[in-house]
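One chain, chain A, appears in both complexes that follow, with chain B as partner in the first and chain C in the second.
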Partner chain A sequence: MNVVQATLSGALIGGLYALMAIGLSVTWGVLRVINLAHFGLILIGAYLTFQLATSWGIDPLLTLVVTVPAMFVAGAVLQWIFDRLALTEFNSLLVSFGLLIITIQVASNVWSADFQRMDATVNPYATESVSIGRLVFPVTTLLAFVLAGLVVLGVHLVLRRTFAGRALRAIAQDRAVAGAFGVDHRRLSLLLGGAVGATAALAGAVFSLSNALTPETAYEWFGIVFAVVILGGIGEVVGTFAAGVLVGVLSGVVSVVWSPATAPFVLFSAIILALLLRPRGLFAMGAVR
Partner chain B sequence: MRIRTLTALAAAVVLTVAAAGCNRGSDSDSASGKGGGPPIVVGSTLSLTGAFAATGQIHKLAGEEYVDRLNAAGGLLGRKVEWKVLDDQSDQAKVAQLYERLITQDKVDLLIGPYATPNILSAMAVAQRHGYVLPQHTAVLAPQLTYDCQFPAWSIGPTPNKFIPDQLFDALDSLPTPPKKIAVVTSQSGSAAFVTDGFGDDKTGVLTIAKDRGLDVVANVHYPPTTTDWAPIATQVRDADPDLIISNGLGVDAVNLVQAMKQLNYTPKKMFALFPAPGPLLALGAPADGILSVSMFEPNKPILDKLGAKATEITTDFTKRAKEAKLPYTTFETQAAASWNAWDILAAGVTESGGTDQRKMCASLHDKGADTTFSGHLKFDPKDHNFWPTTQTLKQIQDGDWVTVWPKNKAAAPLK
Partner chain C sequence: MTAGVRGAVVLLVVLFGLLALGVFGPDLDFPSFYLVLLGTVFFWIAQTSSWNLLSGYAGYFSFGQAAYVGVGAYCTAVLTGRHGVSFYWTVPLAAVLCGLLALGIGAVAFRLGSLRGEIFALLTLAVPFILSAFARINGDIDGGQGTIVPPPEAPGDMDFQQFQYLLALIVAALAVGVSYLVQHSRAGSALTAIHDDEDVAEVLGVPTFRYKILAIVAGGMLGGVAGSVYALQIGFVTVESVFGLTIPLFVIVMAVLGGRGHWLGPVLGAVLIVVLQDRLSSYGLDSWNAIFLGAILAILVAAAPAGLYARLKARPWVALIAFVVVCGVLAIVNLWGEELDWILAGLLAAAAAAIVLGTRRKPVPVPQQAAPEPAVSTVEDEPDDVPPVGDVVVECRNVAKHFGGVRALEDVSLDIRTGELIGLIGPNGSGKTTLVNLLSGTFRPTQGEIRVGGRDITRLAPHQIAHVGVARTYQIPKPFASMTVRDNVATAIMFGREPMSLRAARPLAEEHLATVSLDHLADSYPASLNLHQRQLLETARAIASGPKVLLLDEALAGLNPAELDNAVRVVRRIHRSGITIVIVEHLLRVLNQVCTRIVVLDRGTKLADGEPRTVMSDPDVVRAYLGRQAHV
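After this line comes the complex of A and B, so read on.
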């Protein structure tokens, strides 16, 4: 029962990893920007959820009505900055890391470095769950899983079935040629940046439902989210979701069978092995490029 | 010729006086006496940003309040006290550099320690190299704190790895149904792992003591400090179904564990959290009720009444300052009390030795000890690495607040 529950819990938390990773993966795959500031957007999304819920006493999920549009704008502005700076892929890594540090400092100044957590009166989700026999589905990770599934489905359909999606894939393959065929790279980049910001708002909100926030939290996401992006295949949204679930399950099962202390060792060894076998990612099928 | 001699003599006098003013590590301040003189500068770092900043801010507020009160009462030896505090960004490498700078460039008169054990160990090495006295707030890893002139402000005695489990099990043995099966969940970080597994060749800790007392350890889980997924740990604990969970972790580890167990519809029968951030556990509400932890001071009314009006003033003023600084948890409790003790120790070293000569201060603290507001008179024995007989108590969340419950003679309410 231990292992079954751990597999289930791992799969569900994998949804959160995927939700955090999708924006990073798409920006990297389509726009060739390794946007570490995406972690800053998730952090701000989480703090906004916390702030709105605790200050106004409203349901944390309702805060999405405010945070999603707000982070859409923030994501678009961020993308506009990247466009204006005309960064190479590697330079985007450096610049966005700088932006992340600034974001963390701003969060420290606004919300302090102390642990901030929605208390039980405004956040009933933190301890709620759905049970089937002895198997338990925690509401927060279930929500993350469902949201990640919906986002993946939406992004996948947009990329495959719409003109904008086909244009974005054309940009990913060759920006100059896409431009020659009338694809407005800048406008689509802003749109994509905004959409990525919106996913950051979702990820931040779900994270804040079950975790205490400190500005430094953003650094803790690096390892696992990058692992999910690379394992899933850069720019591969369905692969990112599958990789998130795989990473969650592997980590959960190893924690139960051996020890949580062994989990990072086994997880990252498995990832290295997987990338040796499939260097473009375990679930890469051609991605959006 | 005579004029030149007089000029040279005058210059020598001026230079000597100036040098005396700069020579902060000497007895000269007693000469400046109550008539004033340059301020006594205390140097330290605190983690104002980074991983330890949450608690670092508490120490900053407590220190500022202490210095304000000290100066309002005339300072030390009639001189004002200035506190030069630098941000070490929770980085122990920076701690060493900054303490070196405080001593060699800023030439501070006195030092006080940073926050968090790794940082304190870094600062201690620098203080030792320069022969400075170092009162320190919170490092309780007694075997590693070997410098004779470091003075702990929070003591769990010379063997915290024995004292903490013994105190906890003694307390629980006083209940009508003491626990028989325990689960131990341990963060792989210095002080937490020390209490579970001991240190070096000394393997004394929760696990060995539980065995000696005939307790059955039904789960023993170690996790990295960066753990974010608590479901697997909660699953193991739930399936082991212990009478008592010992969460030897830091910060919000206990909160995450309680929440993950609650999500699995599991409510622990009894739980102990070693060094939790006090605010977030209270914010959990009912699921956290009954959780035990260690404490050096809680501002419960019976305890404040025993300590007198000064303690009440200090705790009230701290809460006001903490609210102004927008700290989420504004109560003056163990961390702030440890900070206050450190400043009391520093002040006692100066006043009892009559100056800021580091060797004399160190000797005076060993000989005479220090009077503190919240822990009474402390005696320091270098054989025990200056770890004084502990005044540690156990606190418990009762009706949404932390209450001192053990030992009985210090309890504000009975243990439940």
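After this line comes the complex of A and C, so read on.
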């Protein structure tokens, strides 16, 4: 029973990983920018939700009305900067790393380096849970999973079915040729950057529902989120979701069966093994790239 | 005196000066505050210099330097603080542990077929995280709260500040020394070649895996030793202080700031950043620290990716004047700050001056290529010059190569004899380049056997195949961008069948450049060459490795008629020098003239093989090339 519970809880937590990873994966695959500053956006999104819910006393999910547009703009601005600088893939990693450091320091100057958590009075979600038989699922992880699912479905449909999505996939394959056929990559990348920023707001909000915040958390996301991005296949939307769930299940089960201490080892060994066997990602189907 | 030797002399003078400062400083009332600061500078110099071996020279950016610092520091802290082991024993142990850790990381990462720079960076990012999680969870390693490091007994009557200063100085000198030696040895050339284009380096005979492992292990050991001394310097070791992301962050910012291609770059970066940090915290601006670092990183990568060293080299006097003026004026006016503030202001002014003005270098005049002289060719075309056809040198037996369901090559058997000049033709997608890739070891055949000089090469790595005697060129030329034309060729000579130093290889490189009529461009960089010249450089580099067989992959594509004549002349010249040639080409007219034999591939199988004239009139060949309706 423990293992079943761990599997399902892990899968749900995997939704949050996927929600965080999806923006990174798409900007990397389509725009060829490895945007570490995405973690900064998630962090700021989380703090904004925390701040607005605490000081205005509103439902944390209502803060999305503010944070999603704000992060959309922030994401678009970031993308505009990357576009302007015309960086190579690797240099974008370094530049965005610099931006991430700045963001984390600013967050720690504004909100202090201490752990902060939303008050139970404003955040009804933290304590609630849904139980099916003897299985218990916290509402927050359910929420993360559902949101991740919706975002994945949305991004997938946009990329597959719409004109803009086709144009973005063309950019992913070859920017110069896409440009020669009249695809305006500047405007589309701004849009995509904005959309990615919006997913960061969602991820941040969901994270702040169930976790205490400290600026350094952004670094802790690194390992697992990049694992999800790489396992899912860079730029693969559905693959990222599947990888998120897989990683969540794996760490959940390993934590229960052996001990939480072994989870990182098993996880990263599994990732290295996966890279050896399936270098393009476990779920790569050649969707975007 | 060459620049390299001068650098070594300056390095030694500075080292002895600093040593003397450490030994006699306290007697001369040298403030111990400076000893502490310099000790910190030395720690970071050791870290960046050791990091630079792999990440700077070879271009594999590591985010995992904290792993070595952490293991080194923990080794010393836990063993001396909790188990009473002598400090002097823990230092070599730290080196061994970190060397093994680096070996493990390298052995896994460099075996990944898909490894790219970004993936390596992210993999190395994970290592300190895993180690710190391990240390945090297994609290009995450090007692859960961190470890106090007892100061070891210093030799003589040295006080602790002096002792840590000297230790850190020795470690830093070691790291810089190794970095210097690597840059000026064969390993340096190999790592630079890997940085520029790893596949080409391998095909030219550079054992890339071995050199990458060498660099990562050397870097890991030095980083671990410095980490072990760092434990002593900070006195109290916690997981956060040694495994945290600040260490790789600092290392990366310093190396990017200073420049990564030269041993001096990381040193410059470390000095500048540590002094800046110290001044910021002395003014109570600690919370701005990370913001400055992040901004420096982001702006520099975008604005001056080559780093400070390259800019200073372009404008050394401007920078020196800026330093002296700013530092001097502040010292004379004496309205603000203290000595260190003035020095920092001077350093920043010098760096800013170099970065802003360093780009305005005089444009290097590109020597114009002399027009090819067609007159010579008539003499060279004497048929009796052609070497006689001898024994079989390359033997392909039933070779097949499948990519998933695609059968790129199927059951191809082919003998190549010494002295032959074989034209390999076929429609696009017929498997010509695949065959070249199999012969040069880029791919392994799915089935069949390839022997070169009687030796089975199907299990050999590309660099071993190069040493057996196969060289190739690429359809799209891939020169080493950071080397001159001469050093491009010299690198191939250095890693050919007889290992050689760069100094010995350079004159030989000139000879090969003369063979392809490119000697007048020896000092240019590949970026200033046109397509034809790049293809010639590619050919010169290939023959420089001393091959028995040379594979030319579309070496004549995209040339104008004059260039084509020149290229054909070069091919003949190489052929006459005794090298067997396989040339992949579409220009049948040219192949007809130069080749002794023509092999036709069609849809992965051998369609025809023989005298040029016989092959060209073969109706199957005509159909494959021109379609069913064609009349001859």
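Points to keep in mind about this one:
FYI, the second predicted complex is superposed on the first by the 288 of 289 C-alpha atoms of A that agree within 3 Å, B and C clash if a C-alpha of one lies under 4 Å from a C-alpha of the other, contacts with A are read in each partner's own complex, and residues count from 1 in each chain.
Operating definition for what follows: contacts are C-beta pairs under 8 Å (C-beta built on N, C-alpha and C of every residue); 3 or more make two chains touch, one makes a residue touch a chain.
From a predicted model like this one, the values you see are computed outputs, not experimental measurements.
Per the definitions stated earlier, placing chain B and chain C onto a shared chain A by superposition produces a clash between them. When both complexes are overlaid on chain A, the residue A:Ala18 reaches neither chain B nor chain C. Once the two complexes are laid over each other on the shared chain, residue contacts for A:Pro260 go to chain B and to chain C alike. Once the two complexes are laid over each other on the shared chain, residue contacts for A:Arg117 go to chain B alone; chain C is not touched. Of the two partner chains, chain C is the only one touched by A:Leu85; chain B is not.
Of the two partner chains placed by superposition, only chain C is touched by A:Phe222; chain B is not. In the superposition on chain A, A:Ser129 makes contact with chain B only, while chain C stays out of contact range. Contacts of A:Ile102 after superposition: chain C is touched, whereas chain B is not reached.
Of the two partner chains placed by the overlay, only chain C lies in contact with A:Ile34; chain B stays clear of it. In summary, superposing the two complexes on chain A brings one listed stretch of chain B into steric overlap with chain C, and the stretch in question is 184-192; the others among 148-156, 184-192 or 400-408 show no clashing C-alpha atoms. In the superposition on chain A, the residues of chain A touched by chain B in one structure and by chain C in the other are 105, 108, 220, 260-261, 264.
Across the complex, chain C is touched by residues 34, 85, 87, 89-91, 93-102, 104-106, 108-109, 219-220, 222-223, 226-227, 230, 260-261, 264-265, 268, 272, 275-276, 279-280 of chain A. Residues 48-51, 53-54, 56-57, 188, 221-224, 226-229, 231-233, 235-236, 239, 251-252, 255-256, 259-260, 262-265, 277, 279-280, 283-287, 325-329 of chain B are the ones touching chain A in the complex.
Chain A makes touch with chain B in their complex at residues 1-2, 5-6, 9-10, 13, 105, 108, 112-121, 126-129, 131, 136, 138-141, 210-212, 214, 216, 220, 224, 248, 251-253, 255-256, 259-261, 263-264. Per the touch definition, chain C reaches chain A in the complex via residues 61, 108, 111-114, 117-119, 121-123, 125-126, 129-130, 133-134, 137-138, 245, 249, 252, 256, 287-291, 293-299, 301-302, 305.
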